[in-house]
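One chain, chain A, links the two complexes that follow: it is found with chain B in the first and with chain C in the second.
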Partner chain A sequence: MRDWTKQRTERTARLKGAMPLATGKIVKAEQVTELLGHLIKSGDRVCLEGDNQKQADFLARCLTQVDPAAIHDLHIVQSGLVLTEHLDLFRLGIARKLDFSYSGPQSGAIARALDQGKIELGAIHTYIELFARYSVDLTPNVALIAAVSADREGNLYTGPNTEDTPTIVEATAFKSGIVIAQVNEIVDKVPRVDIPGDQIDFVVEAPEPFYVEPLFTRDPGAVTESQILMAMMALKGIYAEYQPKRLNHGIGFATAAIELLLPTFGEKLGLRGKVATHWALNPHPTLIPAIESGWVEQIHCFGSEVGMDQYMSARPDIYFIGKDGTLRSNRLLCQNAGLYASDMFIGSTLQIDLAGNSSTVTPDRIAGFGGAPNMGSDAHGRRHVSDAWLKAGREAAGHSGLLVRGRKLVVQMVETFGEGMKPAFVEELDSIALAKKLGMELAPVMIFGDDVTHIITEEGIANLLLCRNADEVEQAIRGVAGYTPVGMARDRVRVEELRARGVIRRPEDLDIEPLEASRNLLAARSIRDLVTWSGGLYVPPSKFRNW
Partner chain B sequence: MEKFTIRAQARTSLPGRGKQAIVGVVASGNLEILLERTEPDQTVVVDVVTSARGFQTVWEAVIADFVTRSSPGGVRFSIHDNGARPDTVMLRLMQGVNVLEKTA
Partner chain C sequence: MIPEEIIHQPSWYESSARARIVGLLDTDTFAEILGPADRVMSPHLDLFDLPPAFDDGMIIGRGKLAGRAVAVAAQEGQFMGGTFAEVSGAKLVGLLRAVTAAVGTASAVTSVLLLLDTGGVRLQEANAGEMAVSEIIRAVLDTRRAGVPVIALIGGRAGAFGGGGIVTACCSHVVISEQGRISVTGPEVIETNQGAEEFDSRDRALVWRITGGRSRVLLGGADSYVKGDIAGFREMAIRVHNTVPAFSPETMMMEQDRLKKRLEFYGDCTDTPEIWSRAGLSDPDKIYEIDDDAFLALLSQKGSRS
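== the complex of A and B ==
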């Protein structure tokens, strides 16, 4: 007779071993490493909560201190691999296999560890893709998570940075897994219950508050005239043309420039209320002037942003705010919103090839995907219509038949030369060489060319929806690739033909005078201006303050 | 550091009466251009001093497009470049001739 409760029996046995170290659910910080020794077994799948921003950094440190002779071959399944401790687990032989989404600051270290064979790579996922696999075949045995506060029953308040926590806990707790939370403080009553206590096994008050990285703060002082010109083209050539109301912006300076032009150039174009009213977006400080000018109806957030909490708390009509008065973010739900409920994604990339495939991989860095592939892809399961979605679909089909489905607008903004005069347009993506070197079956591609609808550079807009074959796509891309080798190798006659058809549009075709692309157009020209726009509610982190 | 001079013939001499202008700054990723109306009617002379090596063909392509677009005959351009990208170079050149043209 088959035993149907092996996982539950195993869980009970582990909890029994750990019980002497806890008072109820509360464990002392200095006993956490010993606790983990009882709760984690070799070969376990472990999620060590590393979100885009919030990090279970104390628990990560404790896990690096277990004895690798006793605990080894862990399979790490988490969205963000951003702390040095995350890599230490592999270096020390505690962990072996890795499935993740995003690595940011550790992108160089991951590439080296893969090259040295220290990491056995499962796959690099997008966020919702990894979360989906938590429910199917990558369910964690143990989750080590982070929250702001807990009560003695284990009810958790995650604060504005809820991010991935509910998703991780759901998958772990209901499949006989074990959940351990580090919190900044243990309190009598939490401000709100983000995670119910019966899903939490142990709570520890960490010696230091968990670390949060400001990721979405772009200083208006650093926005260049080229980025302003591209933003003007985007507003006139895309926003005014398709009128996308629901959208997501990437985190680069070009999209920050768009946000800062909404109340000025956008207002002049008469677009307020017609475009960009509903957002799936992190709390970008550069959107404050547009919010204050009445452009925005509502914003759902993946996570929070350092310094934005008071501002958002004071704007509950715009943001999702709990009864306690602070932001509730949720990465899974917001990613889902970006995938299914948005008419447009517009963001930057590092490299684009002649088919429009784009990648942020360089030969020695694997930054992962994060959420961009979800934002920047057309969801084939979408069935509801909008004007923007239908217009894009009809342009792609070349007609408006009975069953022409719509398309999400996926717009890539890229300056033709990146840092160190590295051309952004290439014949072959660097990720292909990297995949060969590491023996990957498929090179990491951030956004595939068949999902991209427009490419904007300082030279103009290429509308790939209107291209009828791969050859036209190639010349449309060369035609906006400026003075890069790819751009200089264009077929000038064919590029002019594409321009005559409106596939390529130059600033002058859009009646935009490049000399008007001045910083005076920005609604805020400094971080301090953003503080002023917010009525003092935005409190920028010190590294962005120069007063 | 690299120095070279690019010469071109414009279709016409630049309109307006401005004799001299300076645009831009020698900050990182930027450039400074001194424009002087000292050349014969259709002649264009561009002296480039740049911190980035190996981009002379890109400069030639940018200047050729600029001369076609703006026809700045009679003007000598002295450029101090600190790693500006081609689009920034084009923008500053256009800003410069705009000043000379608008000066009554």
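== the complex of A and C ==
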């Protein structure tokens, strides 16, 4: 007779070992490392909550202090691997295998650890891909998570930075796993219940509040005129023509420029109410002027942003706000919205090849993907229509008809030369060489060329939907690649033919005078201006101030 | 609608040194001395593989302000941090000496406007830069002694640091905006030498609380506070033209006395809100959050000197 309850029995046994360390569900900070010793066994799949922004940093520190002789070969399954403690687990021999999405500041350290054989890499996922696997074959045995506050029953308030927590807890708690939460404070009553207490096994008040990094704040003061020119082309050549109402913006300065041009240049084009009304978007401070000018109907957020909480609380018609009055974000749901319910993704990248594949990989760094590949891909499963989606589909098909499928607009904005005058256009992506070096079977590509519909540079817009073969795609890309070697190697005659067909459009073809691309067009030229627009509700972190 | 406070006139902070001069002076009156066409460039930067600038980041010349002849010098903070070096320093010293020499002649000017925007001495030519700063200080004082006021206008991205802070303090009158900063040792240098516990240069609110325009004008390190647009600087430069104190021993004694008292009253404070609170300002923590109009109202209540 097969035992059908082995996981439950195992869970009960581990909890029993840990019970003396807890008062109810509450554990003292100094006893957490010992607690983990009872709850985690070698070979476990562990999620050590590392989101795009919120980090269970205290629990991470405790996990690095367990005895590697007793606990080893852990399989880390988490979206963000961004703290040095995350890498320490592998260096100390506590963890061996890794499945993740995004690494940001640890991208160099991960590449080195891989090279030295310290990490056995499963795969680099997109966010929803990893979350999907939580429910299928990467279900955590133990989840170490972070919340703002908890009551004594373990009910959690995760607040504006809810992010990945509900997804992690759901997968762990309902599959006989164990969930431990670090909280900033234990209270009598939480402002709202984001995670019900019966899904939480232990709660610890961390000595310091969990760490949150402001990731989406772009200082309007650093927006360049060339980014403004690209933003003007985007508004006139794409927003005005396809009229995408539902969209996601990347976090670069070029899209920040678009956000800051909506109330000025966009208003002049008469686009208010016709485009960019519904968003899957992090709380970008640079969108405040457009919101205040009545452009935006609603925004669903992946996470929060430092300094934006008061502003969002005061705009519940725009943001998703709990009955307690603070934002509720949810990365899984928002990524899903970006994949299926958006007509356009527009964002920056570092490198584009001749087929339009793009990558943010630089030599010796594995930054991972985050969510851009889902936002920046056509959702083949999509069935509902919109004007923007249909127009893009018709352009791709070359005709209209009963069974012409729509297309998501996937727009890449890139200056022909990036940081350090490195050409953004290349014959071969750096990620190919990196994959070869590290023996990866699939080179990390952020957005595949067959999903890209437009590329915008300061030289013009290439509309890849109108290209009929790989050769045309290559010349269309060379035709906007400026003075990079890729751009210099263009076939001038073919490029002029593409321009005559409207595949390539220069600023003058769009009736845009490059000299008019001035910072005076920005609705806000400084962080201080954003504070003014918000009526003092936006409280920027100190590192962005110049007053 | 764009809030009225977000002025879309050219801002001083955002503009280049040349745009500041053009906006400051009467239309079409600026005559540059040793302009870019003369190609007087740094002989040192090439050694460091650094590109020089045709004007070495120092623009000097003569023009008119509300019809009166003035001399003007502006540093381009975006070129090598607006630094004092062999050429840039010599240009400013030369301008000041020419002003002093011209007193009583047909080419006399009524004041000198210094549009400083500088991190201090250019490290790549530090000896020449240090000497330039000393010569500039001497030349500023000689100019003032000859009866020509020297007015500093501070509101650029680089602030007025290092020798720039000292030169500013030697001027007859200092006009500053919220973004403007005046100090000697820069925040990053303090942090490098004394640690982030002493001064966290990334805590920009702290940097501005200590060195920024509002604190400087409240403490008397600057004399007039303006909103950040170029027109505001122009208006104030015209207004202060005749109100600067005489360059006399009495003025120096009064200033010495003021500084002594300031040290007595506030010497043990570790941050500026402590000073404001001790000085009896209401809402000391709000000083940096209120808008320019509210701050100007507070200044006029209090009188600009403390």
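Assume the second predicted complex is superposed on the first by the 547 of 547 C-alpha atoms of A that agree within 3 Å, B and C clash if a C-alpha of one lies under 4 Å from a C-alpha of the other, contacts with A are read in each partner's own complex, and residues count from 1 in each chain.
Just so we're on the same page, a contact is a pair of C-beta atoms (placed from the backbone, for glycine too) under 8 Å apart; a residue touches a chain by one contact, two chains touch by 3 or more.
Given the structure is predicted, the values throughout are model-derived calculations rather than measurements.
**Q** On chain A, which partner touches more residues: chain B or chain C?
**A** Of chain B and chain C, more residues of chain A lie in contact with C.
**Q** Which partner chains sit in contact with A:243 here, chain B, chain C, both or neither? Use first/second/both/neither.
**A** Neither: A:243 stays clear of chain B and chain C.
**Q** Identify the partner contact of A:459: answer first if only chain B is touched, second if only chain C is, both if each is, neither if none is.
**A** In the superposition, A:459 contacts chain B only.
**Q** Between chain B (first) and chain C (second), which, if any, makes contact with A:65: first, second, both or neither?
**A** Neither: A:65 stays clear of chain B and chain C.
**Q** Going by the contact rule set out at the top, does A:313 touch chain B (first), chain C (second), both, or neither?
**A** Once the two structures are laid over each other on A, A:313 reaches no partner at all.
**Q** Pick one for A:525: touches chain B only (first), chain C only (second), both, or neither.
**A** In the superposition, A:525 contacts chain C only.
**Q** After the superposition on A, what does A:417 contact: first (chain B), second (chain C), both or neither?
**A** first
**Q** After superposition on the shared chain, which partner residues are touched by A:176: those of chain B (first), chain C (second), both, or neither?
**A** neither
**Q** Contact-wise, after the overlay, does A:7 reach chain B, chain C, both or neither (first, second, both, neither)?
**A** neither
**Q** Jot down the residues of chain A that show up as touching in both complexes, chain B in one and chain C in the other.
**A** none
**Q** What part of chain C is in contact with chain A in the complex they form?
**A** It comes out as residues 1-3, 5-6, 8, 10-11, 13-14, 178-179, 202-206, 208, 212, 214, 288-289, 291.
**Q** Spell out the residues on chain A that touch chain C in their complex, using ranges where they run on.
**A** Touching chain C from chain A are residues 221, 263-264, 289, 293, 519-520, 523-526, 528-529, 532-533, 536, 542-547.
**Q** Can you check the complex and tell me which residues of chain B touch chain A?
**A** 29, 52, 55, 58, 61-62, 83, 85-88, 90-91, 94-95, 98
**Q** For chain A, which residues are in contact with chain B within the complex?
**A** These residues of chain A touch chain B: 224-226, 229, 415-417, 421, 458-459, 482-483, 488, 514-515, 517.
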